[in-house]
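Please find the structures below.
What follows is chain A paired twice: with chain B in the first complex and chain C in the second.
Then we have the complex of A and B:
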């Protein structure tokens, strides 16, 4: 900061004003941090820049009391990670501020992901699906071109230099003509906009054919599909007429890979009660399908998942056992020479070990609502997140921001509910979060807490969202700090 | 676990009543806000009430424990509650000592300009 704005500078005291101390005070000053008991011996310290450190409570108390020996390793580590500063660390505050700013860079370039729900029709009848409809009546649940055109206008009003348009359903390939229409219009608009534009279709791949693959190859469109595990598990989770969903999905993955390339299809799994006993079988299925990664994610408490009591069938402790068993297996695979990544862990590791922001919607502060993604429903309704749309299908329209047929982009983004959600989802000021040692690695999920507690901030002592973040983060820190062989593997997963 | 020696454990009295357990906390040792923060954190573990004595010298924290909670689990819970009181007290100290510099860092981070006039140093 070689230069300063004199007018603005009047608003803040110079650094020296923060350094006044009596002679008997220590030679170092504390920087803000949070802490929590980590295990029987150690405490976890973290700060707003996302730095963390483990130390004994005696050292923590000594550091706070100003009794830390400046020649000790602990002192040097704490200074290097911005937990304290002294006369030898002039740039500490500037550097810390820069790291905090970098971690929040996504706020400036908001809404990189735009989800078009082109139809609710689907050939599957999954018990936990929130939105799909079994209907022959196309007009009832398909997006039309007029709706798509207005939504596209809104897409390019977002300031994000990267724009990803994701087609969802239902099964979006059942309305492929509209996908073509949107892709070509978006490409035309982007000739002037010059954004980094990408397309992905979230599909069960049942209806993939040569014509669709030709088109996707010509326009650089990728696929995301669902693969819940081996056939008995996948077909139990995702029933369709003929009970051949698993076979069709695996065949679809093979065809996309053959035609578009190995990296043009990814897969997501949903963890139901039936999945919890089979983490190894699920991971083996992903390996067999040629994937080098899996996302071990819990079932969301929305829509039909609640209506059919799917989310009540397992508690969070059972999910954590599933996650740990899966991770231990994945780490063993890596040690034996098979590179394989667990995506949720990779996201958390990126937050732990990098100042670069992640784009994962569910771990943002303020929440990712509208900042990370906007959802344009088939009928023109606009939602702050995909989960908000799912909740709306259960009759709760709390997170509906407006309608492209009635509301301007500005009216949608200035929706009072959205602003209230964003303000209250800043973890800097949320109850318990403000002093939580896991806060820099966590975020807010207002839709989750609204669905489970009827309040978008939520009581953190009862939040499975908090428990998951804390326990997964603790598991990963333990691996990083206490298991050198696993540390080497996990460091490779960091993807800023 | 190293024991923090700054607050004597004798500052905390304990009264048990069937499956309701009451922990009495000395408010000369701990600020009421500290006790409130710890009660919030233990809400999912049966912490259901907080009241202050008429003379303002102590707080009573009421736990409602399920019948399935064993005596050993109850002792462990109470132990963690008291440890958390000490931790929360330490958090309060850190927060008070770093509040101004934290405001400066956040302002500097989000204002996207040089706000500190180093010419005055």
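Then we have the complex of A and C:
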């Protein structure tokens, strides 16, 4: 501040008198934070509330030694982000507590997503699919009405004000009569429950027809489908007799849009070794199909994917290259005036830049198992997550919580394995996680680590899950801090 | 527009007449029980009812035709020609003073609860006075009873209204009971709500239309304390905000931008979005150049045009954090185009004005203009420039 400025009138105290503090007071106190080396010059600091800050190593050392100059911008930034506080204010303690509470607010609501596996039958034979069956025998792999009714009873025992019922398979449209049954029963139950009720069908859209679309319009049902990229990629990933899967999926997307509107269908891609060479082609395919976003996902390590050794075909570094190349292309699209979002990045950005809780099941602490989602299998088996069900289809029943025919809702949710998993999935206390600078942006995926390492918690040094959070978060922080043009684009992806 | 008169002529009032709060009416036919609580507004003394029969508390006369005035008359000075049916006024016959407290035609009306304040803000537009004005509470109670029930919004201001203590809660309850559908906007520094019990008391009143306008000038505690000239004020206000939010009370955060606060405005916005996202919106406000702002003008003044980048960044940061932002007290031509649509015509009609060059501006009707305090018009941005075309607001 210039010294030649006109002074305040005499009865006012100058700013300097509010800055001063008694000499015998300690200058400032540190609040809890983790840190990690970020690049050659800088360190990343983060705290439990998800505040982060990049600073030079010399400043970090000075800050920890109590030597940081209170008149520096670094000091003011660290104070505003609650890495330190001084005798001017102890509001930081209340605000930190509030932010941590807000971040965990979703736990109070409990399960919002309920997945009904209405059939295991499918018209595809994807090598990485975990659960599908080719069977003429309807009764063997279809859910029946009695099972659905009990499962619905459990759905509404969750206190969640929002209830989303997702129909999965196999190919759920092969058992559309049961979908209708569940939708109508749920709607009837909801007349008294008054939850915010939504339905979505996870389908390959092969069997979509006018009658199904009429029904979905009348009941506000949306679709989620799989689109792996252009025809050669999609059809190689997802073999269907006749090799017309890509054509049918695109046609299905078009029909849903035409009938229900542009926002009633979303798509997920599965990454395979073949995908890694073609991020641009995949993104162009999504643009061509009318989507404004893509989720660049790593291949899941479950089911046939593990059996067929697909996960070992590429290591995490190759996925990271794929992600970066895809992001470079997406950011260029945005710079050139075509808004397009990458979902995983958007999720991480929301964690970096907002205190609002995020819903993504795989990045929760405690883990999202059963808290975020419950899966009701065709036979009445209940699982803590979709991946837990997939493991079970391969003979590993670790994440099976019970059976709607035999167990009460309370027995299922009080399953001892579930409680052990949840207790050990708090990143605040997990080995390595507790001191990791990326911890506030990460979460626990016990099913993933169980599948890959045979341990719910896992050794993070060997975890591709861990590497992904660290690498993607670093990439995004670098863009936010060092690339102003990209920063402006990425800030618009945050969903408060 | 003048709202206070000491030069109106009082005639024929009893020597011991106490100050009173009355509604103004132009209806000479009101039933006597009502008329006893009304002042009848007449264009001329010729229209005055016969002295003895008039049931009205008093007569307000715009003009006089003879020396013989009716009793309990007030001959209005010309500047009060705007007085109209439904206005509520305070009349003090002994001091021959008349003040307009409420005008139904005004977009917003504010009632002063007390002139006392526990802050001493360097840019205060209504400098506090350490006086015993506790009688104001009863007058406001009476005013609230007279305000039409369909009034959309009413303000309580100060000073610091909570310093009225019990009286403050009494007024909120009274407004809730008499004007349940009226938005009650209270301007407070929020400091006293650091005491959780006080926030709880306000919450217990369950006034759905209640909204507190609370200032936060910096995310740096020492800078905020400096602006309000009170050590520890930052902590009290922040804790007050948290306590009020926990009670579900609606909050408008108010930020006044001047030379001490513009520099870290975007950081303040970031702090609000992360720590106080529960506020209903944030008002980013220009200086009102009267009171202490006038006294400290040289120290505080900064051309709003020059902090345009910080203002735009703050709006973007807030909105991306899900916190709506509005801009008060700024002329459209000095605000960056990207955030011009957030400008609100915030200056009360009676103290609102424009420069001569504004007559050529295509956006004058949408623009909030200036505070009419002479200084506001004399000291203004060097970048006032009429828009040649309308439709420039994004």
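In this section, the second predicted complex is superposed on the first by the 471 of 496 C-alpha atoms of A that agree within 3 Å, B and C clash if a C-alpha of one lies under 4 Å from a C-alpha of the other, contacts with A are read in each partner's own complex, and residues count from 1 in each chain.
One rule holds for everything that comes next: contacts are C-beta pairs under 8 Å (C-beta built on N, C-alpha and C of every residue); 3 or more make two chains touch, one makes a residue touch a chain.
Only a predicted model underlies this, so the values are computations on that prediction, with no experimental measurement involved.
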- Given the touch rule stated above, what does A:60 touch, chain B (first), chain C (second), both, or neither? first
Request  = Once the structures are superposed on A, label A:432 by its partner contacts, choosing first (chain B), second (chain C), both or neither.
outcome  = first
Check: Is A:192 in contact with chain B, with chain C, with both, or with neither (first, second, both, neither)?
Finding: neither
Using the superposition on chain A described above, determine whether A:218 touches chain B (first), chain C (second), both, or neither.
neither
Across chain A, the partner (chain B or chain C) reaching more residues is B
Fill in: Touched partner set for A:89, first chain B, second chain C, both or neither
second
Report task. Give one of first, second, both or neither to describe whether A:98 is in contact with chain B, with chain C, with both, or with none. Result -> both
Checklist entry - Which of the two partners, first being chain B and second being chain C, lies in contact with A:355: first, second, both, or neither? => result second
Dual-contact residues of chain A, meaning touching chain B and chain C, are 5-6, 8-9, 11-12, 14-15, 18, 94, 98
Chain A residues touching chain B in their complex are 1-6, 8-12, 14-16, 18, 29-37, 40-41, 48, 56-58, 60-61, 64, 93-94, 96-98, 100-101, 104, 428, 431-432, 435, 459-462
The chain C residues in contact with chain A across the complex are 120, 122, 219-223, 225-226, 229, 231, 234-235, 238-239, 242, 259-260, 264, 267, 270-271, 273-275, 277, 292, 295-296, 298-299, 316, 320-322
Per the touch rule above, chain A residues touching chain C in the complex are 5-9, 11-15, 17-19, 49, 51, 76-77, 79-80, 88-91, 94-95, 98-99, 353-356, 491-492, 494, 496
Within their complex, chain B touches chain A through residues 1-2, 4, 6, 37, 40-45, 83, 87, 90-91, 93-95, 97-102, 104-121
